[in-house]
Amino acid sequence: MLKIENLQVHYDKVQVIHDVSLEVNEGEIVTLIGSNGAGKTTLLRTISGIKRASGGSITFMGEPIHQMTSHKIVEMGIGHVPEGRHVFPDMSVYENLQMGAFRRKDSQAAIKKDLEHIFDLFPRLKERSQQMAGTMSGGEQQMLAIGRAIMAKPKLFLFDEPSLGIAPIIVAEIFKMIKKMNEEGSTILLVEQNANAALKISDRAYILETGKIGLEGQSSDLLNDDRVRKIYLGF
Amino acid sequence: MLEVKGISRFFKGLVALDDVTFTVKQGDILGIIGPNGAGKSTLFNCITCFFPPSKGEVYFEGKKITGLNPFQITELGLTRTFQHTQVFPKLSVYENITTGQYVMKRKDPSRTKRQLEQKAHEIMEFVGVSEYKDTTAENLSLGYQTRLAIGIALATEPKLFLLDEPAAGMNPEETKQLVHLLREIRTKLGVTIILIEHDMKAVMGLCDKIVVLEYGKKIAEGTPQEIQENPRVIEAYLGSEALA
Amino acid sequence: MGDQIIQSILDGLVSGSIYGLMAIGFTLVFGIMHVINLAHGELYMLGAFTTFIMVGVYQINFFVAILAAMLIVGGLGFLIERYIFRPLRNTAMLNTLLASIGLSIFISNLVLKIAGTGMRSIPTPFSDKSFTIIGATISTHRLMVLLLTALLVAVLFWVIKFTKFGRSLRATSQDQDASALMGVNINLTYGLVFAISAGMAAMAGGLIGSLYVVDPTMGLGPGLKAFIIVILGGMGSVVGAIVGAFVMGYAETFTSLFWAASYQDLVGYILLILVLLLKPNGLFGGAKR
Amino acid sequence: MNNNRMKIGTIIAVLVVLSVLPFLLDSYLIHILNQIGIWVILTASLNLMVGYTGQLSFAHVGLFAVGAYTSAILTTSAGFSFWTSFPIAAIVAGVLGFIIGLPVLRFKTHFFAIVTLGFGEIIRLTIYNWRDLTGGPNGIYNIPFPTNILGLDFALREHFYYLILISAVLVVLFVKLLIGSRTGKAMIAIRENENFALFVGINTWKVKIFAFTLSAALAGFAGSLYASYNSYISPYSFTVSESVSILLMVIIGGMGTIIGPILGTTFLIFLPELLRSVSEWRMVIYGGLLVLTIMFMRDGILGLIKSFVRKKKHHSEKNLLSTGKEEAAIAGSERN
């Protein structure tokens, strides 16, 4: 479904992604783990077209997308839940969710129906539908960010560090949510620093080490692999 | 040489640093590590008086420095580099180093111009940028810019030197050379070093002591050996399995 | 004196609403694209000239002419964004500031060269009838200006608050990256915002040109004032811009009432400096950004 | 060494040529040169702020006006001679610069720009409104020429020329020496990287206020010359348009260099004179040039020349250093 080949990305003089190749097949949860500054977020931003690649290719559903603008990529069916949530702080929960459906061309009624669906998934969002998103807790914002991405009905979800800065209990809830979305047919590329949690819910994993793929394999195998710790901690 | 006593820092109700205390011995290399958003840079900014802590105090060689201005602590012998290598971009490498010597007139007025020039050349030699002496700093590669930034800081002749992620964006070979350079700064110049760094191999190989932060709190402190065996640290990095 | 005060309150209302029209456009551009457009006053002047040419020379209906001026100047704004500000995006903010100053000098002097300094006035279809409200008079003309401004601001608020496009504007001003991830076409949005801002300035120009005179240097003062008002109200805040506009309008009106008309222009700058010293984020600027 | 000697030789040659010009050129050209000389002082002072300290000031035309008015009022109403009012004008402008600088230098980038613009306008509007002192919109007439010294009669353009030439040379030399000094280095460090400047021990606040005060005094000095040379001043000579003009002179020549503003000033004053047909379009051209300079030529004329020379000279050196763009290009070409 998503195929990245020999990707190179630079910020000014600094190359942050070196020759990365990876693949996500339909129906999978693939996780990309790695320590701070390994280039995980950059990789996702490049897939979404916010950042331009300086080399290599990204293909989605058989079409090259690395030259496309981000709004085209959204239309192609990639939904990105960014690191740090990035909800629209001065808009209500309801409006944030409406923004999620920005590119959809179907009827208001259909969108309305999906909104109700999000509220079923996250009852807490329903309670707060008129509250400004910026005033909510980190965990609630994370749910909103996920709900907002679902509103676009993407074929592939990109999750960027959904556990970052969120209370452990909520993190567990969010991971359960991601798993459930996958079971209901969504394809997911999950970027995480919390390696153990991410490996537990994913099918396959890539480990990014300073901009290169250091290790890849079945998540269940990697979970007990000492090399993962080596890459993270250097010992 | 440096005592950090109960430093806290709040931003609009958020706690970026929560009661962090540690000390640094003369001649040590101390590493500060921790996951994203743990408050490492905030800690640096509080120590170097870039902004004041909301609570707590910092003592340098027994003297309280909290509340001073950065240019004053430079005179006392404490300086730093910034994340993403900051130099003076439009100046030549040599001019960058001599700008670093600005404080020398106040620190040691007896030094002649000749001696300072001599010293600037020694520093360029030491950090390995001599051959690019006349090159504009912005045209250097990232690795050399970092070396230059270190050179500028050394030109202030610090006793304590704080580095914020010097190896960011470097390839393994450059990182190795950087580690070597930092070791030399300690052994040959006798400068005490505190660094924030993500590259664990570099940190573990280089530091005498490590402080680990998570969510603004100090969760561990000890030798690299102790840190590697600390389950709390491993959990902070790899996450607990219990969550999923 | 009492009558004079009431008269001044009415006058301040008219000038405040025109300033508001200018300042909202200015603050939209800043809030969404982080561009300080000091050529905003020149777009206002161009709006006045376009209206003047259509009404005075081609005898087109006044309202149609204003609408056409908004479209023409709006289109020009779109092009300016595309060919001057877009290439400068992601460079230092001072670059866009300087470019806009250059543009302002360029446009005003170009018009000055072509049209000369003669004072022109836009003929309007309004009768000379005036209304008297508790001792103060307001002409039909001024009343129309007031109503038209209120109408436009109301429409704009409605668009921003309730339409999908308005939602995308607010989203882009709050978080550009996240908006891109929702599929908002950032380049197009920027162009449209600039066009709207230019169109509003053009309408303000057409209305003021019909009240007073049209001349090539008329934009300089209001352009700078729009900036000052936006700083007063808090950069990027639409409500702040409206409040700032009335603060400015009344400060000026009362200065000329109690002191002298020639000191009127000083007031804005003194207000600016006071506000910046006492409340650097402006009256309505939160701690955001 | 050889290079240095050539430089000094060129400067001496230029100075010799400049000092014999009154014998060679007609009175009108001398008048233009005189204007250039006065503006060179003003742009040198602005360059100190914009080019070297990196703070975009729009207050300089206002401070220039303060110098001009101080000198004009002292010589007309108070009966001072030019030679006493000349330094007083610089001091008054400097003190005012210091007072304005205290609040203003807290601001950065665009806020600094707009607040200085505000102060510049306040100065102009005060002059415009304070009729008793400044004559309001009518300005001040019959400002006396400097009294004769050394056998020079300053009523003659050709003689005034030497006063302006010497002043301009001294001011430029002063700026050059300042920039070479420790304080000058601190100013440049602030422009390059204000945060890091703090950590090499620079009291950035003190240096900035010093630079602003000094640069204000130089602007006042230029104003004093301007008033005396033109013998008439009015608020219309000190508008925002003038602020933009001097800024353009600094930027188009190449800010942060000694020669740049001199080149820029000469170029922009000569341009409309050389092409008579365009002289009426002066401000249109200035405005357009400012936009084009910002978009395509941020280092000014000097930067253009330098990059041209560098391309020819340092062909081999460039390969040693990898810049970001090249790395990106390499990374890209490996794939395609």
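Going by the order they are written in, the chains are A, B, C and D; count residues from 1 in each one.
Everything below uses one rule, namely that a contact is a pair of C-beta atoms (placed from the backbone, for glycine too) under 8 Å apart; a residue touches a chain by one contact, two chains touch by 3 or more.
Because the structure is predicted, anything quoted here is derived from the model rather than measured.
J.: What is the chain whose Cα centroid lies farthest from the Cα centroid of subunit C?
T.: B
J.: Report which interface contains more C-beta contacts, comparing B-D against C-D.
T.: Between B-D and C-D, the larger count of C-beta pairs in contact belongs to C-D.
J.: Could you state the distance in Å from the CA-based centre of subunit B to that of subunit D?
T.: Going by mean C-alpha positions, subunit B sits 40 Å from subunit D.
J.: For subunit B and subunit C, what's the span in angstrom between their mean Cα positions?
T.: Here subunit B and subunit C have centroids separated by 49 Å.
J.: Can you check how far apart subunit A and subunit B are, centre to centre, with Cα atoms defining each centre and the answer in Å?
T.: Inter-chain centre distance comes to 33 Å.
J.: Mark out which residues of subunit D touch at least two other chains, giving numbers and ranges.
T.: Answer for subunit D, listing residues that touch two or more other chains: 323.
J.: Of all residues in subunit B, which are in touch with two or more distinct other chains?
T.: In subunit B, residues 141 touch at least two other chains, as defined above.
J.: Among the residues of subunit C, pick out those that touch two or more other chains and give their numbers.
T.: In subunit C, nothing touches at least two other chains.
J.: Could you please specify the touching residues of subunit A with respect to subunit B in the complex?
T.: Those in contact with subunit B are residues 11, 13-16, 35-37, 161, 163-165, 168, 171-172, 175, 192-198, 200-201, 210, 223, 228-229, 232-235.
J.: Within the complex, which stretch of subunit D touches subunit B?
T.: 182, 185-186, 188-189, 192-193, 195-204, 256, 317, 321-323
J.: Applying the document's contact rule, which stretches of subunit C touch subunit A when the two form their complex?
T.: 164, 167-168, 170-171, 174-175, 177-187, 288
J.: Mind listing the subunit D positions that touch subunit C in their complex?
T.: Of all residues in subunit D, those touching subunit C are 56, 103, 107, 109-111, 113-115, 117-119, 121-122, 125-126, 128-129, 240-241, 244, 247-248, 251, 280-281, 283-284, 286-291, 293-295, 298.
J.: Which residues, counting only subunit B, touch subunit A once they are in their complex?
T.: 35-37, 141-142, 165, 168-169, 171-172, 198-204, 224, 228, 233-234, 237-244
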